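Consider the two complexes below, in which chain A is the common component and chain B and chain C are the respective partners.
Right after this comes the complex of A and B.
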């Protein structure tokens, strides 16, 4: 297919339209889920000591818009979300929007450090093992990555705590202090959760880079370059590596999106009080509006990050078929 | 036919899975104690002749709790993968076989399901329904059936214009017959491989949920929730943490290795 500006635009619009559709579905799922949750929000609002009469109940229900048909309630809710109003926490009455805004950078610090660590190790390991498939390094790495992928994060994290906190006493087992408050303590607390997430991602990236590099090295243009008499190293770094990187960027992007919703267990285990930790605390406390808002924010960022990754990929890779 | 060499790792994986299967089917044969038997005199002990893998904070035998915990993990793993298969395979067959609008509608819905982080959706559903084995199976199958639909659809697309399918059609076979009796048997290899991968993922989700206290509820033994409690006694007993960790790791690794072995087995390109 010809790659004209128009076809790229058409594809991008289609992809954006699809994401909007998905976002709509996500909001419907989250809305329906909270509707099905046990407990009457009106009674919660009135409280045990409030006016328990039917008139007061109806009045509060009308105030909250709960006397409207369900689909109208849905649109009222969407309107509130779009204007940044996520409601207040049932637990302490704090504004949920504010709470989430505070938690996002905490999670981002953890995710970004873990990803950078994983990438820094995976690029040399993955490409080196692909240059000599079946060799000693390749076989060792296959065993290691297979193991890392079968190890649940919380198991690995617990082993780290046993080793680094209980046995060696090098690192504090859990907690969170912001970087601005105490940079050294922030990093000491960050090491174990970042390693836990990072090792898994490292396995994912190494495996991907290995198979991608092997398939690129087998392609016609690389064989042509080799046939011209260029040495393998030069062929590799001048031609193959760049092409591997293009697809690798999308894999990193997808993993980043996945981690946005995938840090709950790790954050909880290490007391790293980011967004995942916040959602878990809200689940335990049956704080439905907070769970709803947290899940919604993560799901939205997941869809948006994947959309951006996809569009960037389309823009930079000339080989992609637009269909 | 060539005799294919079976890898040592595959054999070990198979042995481990057979043992775990036995644990799930008849735990009373393998366990040395009752899983709920409390013995405060011997709490948080290391391995000994009486307690092979040591004891937990109530003096309950860890080996017996691992044995009795196998059933929950395997039920969730294979139950969720099984339901996902039953939902996803027919959808994939229909989408691939009929194509056009039907294909488009089905696959866009699958897109929507797959663009939701699965662990998060599981957490949301579990908050609403009470945590239990059934909730876990339901939740995990809902988040993973699109994978089957996608894989089967891909298979159908490459198969539906092949000669043997055309021949069946020429004999006057109806669409359902072609879909289920002619095309489906040729998709079995990729379905089997995906089934094993999904079962492993489901077990990991179960363990994670139980670890968060949102899965199998105490005192019912489950590998994930054992770790939740082990974490609180981390300064007193290391075996308490190591035992469930190694169990989960070995079982998930075995299922993965077996999946890889099946993929090599079914893939004619890899025959050497």
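Right after this comes the complex of A and C.
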């Protein structure tokens, strides 16, 4: 059954409308949250040895725009966002839009490579493991994936640095270089952080695919297919795999969105400075506009990825209705 | 078939990793080499040489620091990681304190104290700013106008409250006029970088323009700060490194591993724990300043806690502060027990503290107070200040023997600052690097801020601080600062408990890095042999 372009458009518009509402809610929550958090950006700017007079405090607050009532500050910020301006850092006046644009590709590269690596390994391993549950491969994989999940990323990454950088001297331990600038160096620097992140994700995906596949293989339609005398591989690849893919795409989508701001430890460990670290540092510095912009970008990525995932569902499984 | 494809994919991945790893490490150097030539601002500059390209390249110095720097304006950024690494290598003052805390001339060639209220400085005629502009007296005048303009939020403004005018006598001589004698004036000058009059003041935080041996190229947040040798520097012959890359690390264990891998040459402001690791690692060594002005202190909320209003309670508490054990266990014996609230290298430093560990005496003394049954209080410690946290843990056990329950509360920087500046604490751990040798600096930065709080009931102390700041007679000053140290020791508004060592880790081939007791690095003559 072919879906009409109009229904896809209608569905997409409806989702976009809901997404705008979600984003609006996010702006309110993040704006309120950063202001309710203890720690004053004005005092952070004054520092321990600056002029501690009330007059100086008021002057700096006015320079930062923090002397206005909170709701006025919110509407000023929303107005800026709508005109494509993320504002400037309270710390140094740097353009936040520029800083975020600098960080997004850095994060995306790490996340995409880590996820592709994880998916490429997880699909064959997870499904093979599910086809013979309790077998040798399944048991081995259970041990390995549990280990990968249990091992903190920080320890695993540090082990990689000691092995590949200190002992073998194969890879640089720290830094970032854009692919356009130097592709080989970019890949050399990417390998360890992508492996650190990818191995964890691989374990998540493998275990998910295993359990999902086992569940699907127990379904009535699979039993029917088997009863018809179809070979095991055909039963799996023709009938079961597509069904596991639907939920797998959701899991991958969620992981992708989570990782957009959730790779701080890996970033810090390998000096691969992406969006997560940027937001973390901004929170520490109470750099309100930077935190707000960073969180908004992540929320936006969640919304977009969810939309894409929903659209991909319908392509994978025509039974899912666009409603 | 599927099996073959799976195997092929895995093999291809492994092969790709090996090929890429092999490509970059063809030099046989663990760290790899500089990625490419060329340079540009922003992220591209980091691409030029990621930190992995450090060792083996004698033209480039990679420095690891604790946390990122986001403000490059030397008049507004007061954080140690900036002041110790960049402020005095991108910028220069008229003169600075060298490793022995003696004045060493930079942009000035000589100074003359005409009288108690007048100083003249003769300036170098061969210095230039990184934007190509020649350095003249107008830049010095501009710098002090900038500092004294409240709109600029310069944190050094409080050091120049007695400065009434700075005038250019000619292009290469300036005269400073004060409205009252200020003996610490020269110490302040030695820590005041000179700005460029023609540089845009609006972008000083992101695009600094100084006269120092290294010019600022780019900052990529949380990634690197890139500096380059300034070829027109007046002492360019002495500068070996063509590039300096500063890398922020959130964890020094990782940073030391990076040093081992040859990706970092110099690690600034390491903890004594880190120093032990560095010492035990082949190819690395510890660089320690000959003395230290780095005071670990406890500021005590005498205005907030009833028990702290009784000096005998505080005396009893510090009788169980085991300074020797703390120095041995936390600082590996590299620190110095303080002799008074001033660093021992400060002028007029007089022994007033008694660190004798006497639990029995403490119990007896506490029994004579209204708090013989003990009490409870909280000490706030900065999250990153692991030395204070460990020391407090040791002290906590000893205080418990007196029936005093001390809670340790770790706070991140902005929350800690809120409490510190609003003086909303029972007790708070701080770490202060006293710039210069004149104790008026310590008094103005630390003690004067307490006059409405924990020293509000000590008017004598507050008037002595004011007298000391303007007294010029050496004998009288010695008396005044002797009394200040005595009053602080007797009343405990603050307690400086150790002079923490100024430590850096460096790779063996690195030499010529100068560190003064304030912990400021001077990289001009640093080189890798």
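One rule holds in what follows: the second predicted complex is superposed on the first by the 236 of 323 C-alpha atoms of A that agree within 3 Å, B and C clash if a C-alpha of one lies under 4 Å from a C-alpha of the other, contacts with A are read in each partner's own complex, and residues count from 1 in each chain.
Here is the rule we go by: a residue touches a chain if its C-beta (ideal position, glycine included) is under 8 Å from a C-beta of that chain, and two chains touch if they have at least 3 such contacts.
Since the structure is predicted, the reported quantities are computational estimates derived from the model, not experimental observations.
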Subject >> Partner chain(s) touched by A:69 [first = chain B, second = chain C, both, neither] >> reply: neither
Original post:
Between chain B (first) and chain C (second), which, if any, makes contact with A:136: first, second, both or neither?
Top reply: neither
Original post:
Comparing chain C with chain B, which touches more residues belonging to chain A?
Top reply: C
**OP:** Once the structures are superposed on A, label A:176 by its partner contacts, choosing first (chain B), second (chain C), both or neither.
**Re:** second
**OP:** With the two complexes superposed on chain A, say which partner A:187 touches: chain B (first), chain C (second), both, or neither.
**Re:** second
**OP:** Check whether A:91 is in contact with chain B, with chain C, with both or with neither, and answer first, second, both or neither.
**Re:** second
**OP:** Check whether A:155 is in contact with chain B, with chain C, with both or with neither, and answer first, second, both or neither.
**Re:** first
**OP:** Once the structures are superposed on A, label A:302 by its partner contacts, choosing first (chain B), second (chain C), both or neither.
**Re:** first
Subject >> First (chain B), second (chain C), both or neither touched by A:268 >> reply: both
**OP:** Report for A:260: first if it touches chain B alone, second if chain C alone, otherwise both or neither.
**Re:** first
Original post:
Once the two structures are fitted together, what part of chain A is touched by chain B and by chain C alike?
Top reply: 38, 158, 161-162, 166, 173, 268-269, 284, 286
Original post:
Of all residues in chain C, which touch chain A in the complex?
Top reply: 2, 6, 9-10, 13, 17, 20-25, 28-32, 35-36, 42-44, 46-48, 50-53, 68, 70-73, 78-79, 150-151, 153, 155, 157-158, 202-203, 205-206, 220-224, 247, 249-251, 253-254, 257-258, 260-261, 263-264, 412-415, 417-418, 420-422, 430, 445, 449
Original post:
Mind pulling up the chain A residues that touch chain B in the complex?
Top reply: 18-19, 21-22, 25-26, 29-30, 33-34, 36-38, 146-147, 149-155, 158-159, 161-162, 166, 173, 257-258, 260-262, 264-265, 268-269, 279-280, 283-284, 286, 288, 291, 295, 298-299, 302-303, 306
Original post:
Where on chain B does chain A make contact in their complex?
Top reply: 108, 111-112, 115-117, 119-121, 123-128, 200, 204, 207-208, 211-214, 227, 230-231, 234-235, 238, 241-242, 244-245, 248-249, 252-253, 256-257
Subject >> Partner chain C, residues of chain A touching it in the complex >> reply: 38-41, 43-52, 55-56, 59-60, 63, 89, 91-94, 99, 102-103, 117, 120-121, 124, 158, 161-162, 164-166, 168-178, 181-182, 184-185, 187-189, 191, 233, 267-269, 271, 273, 277-278, 281, 284-286
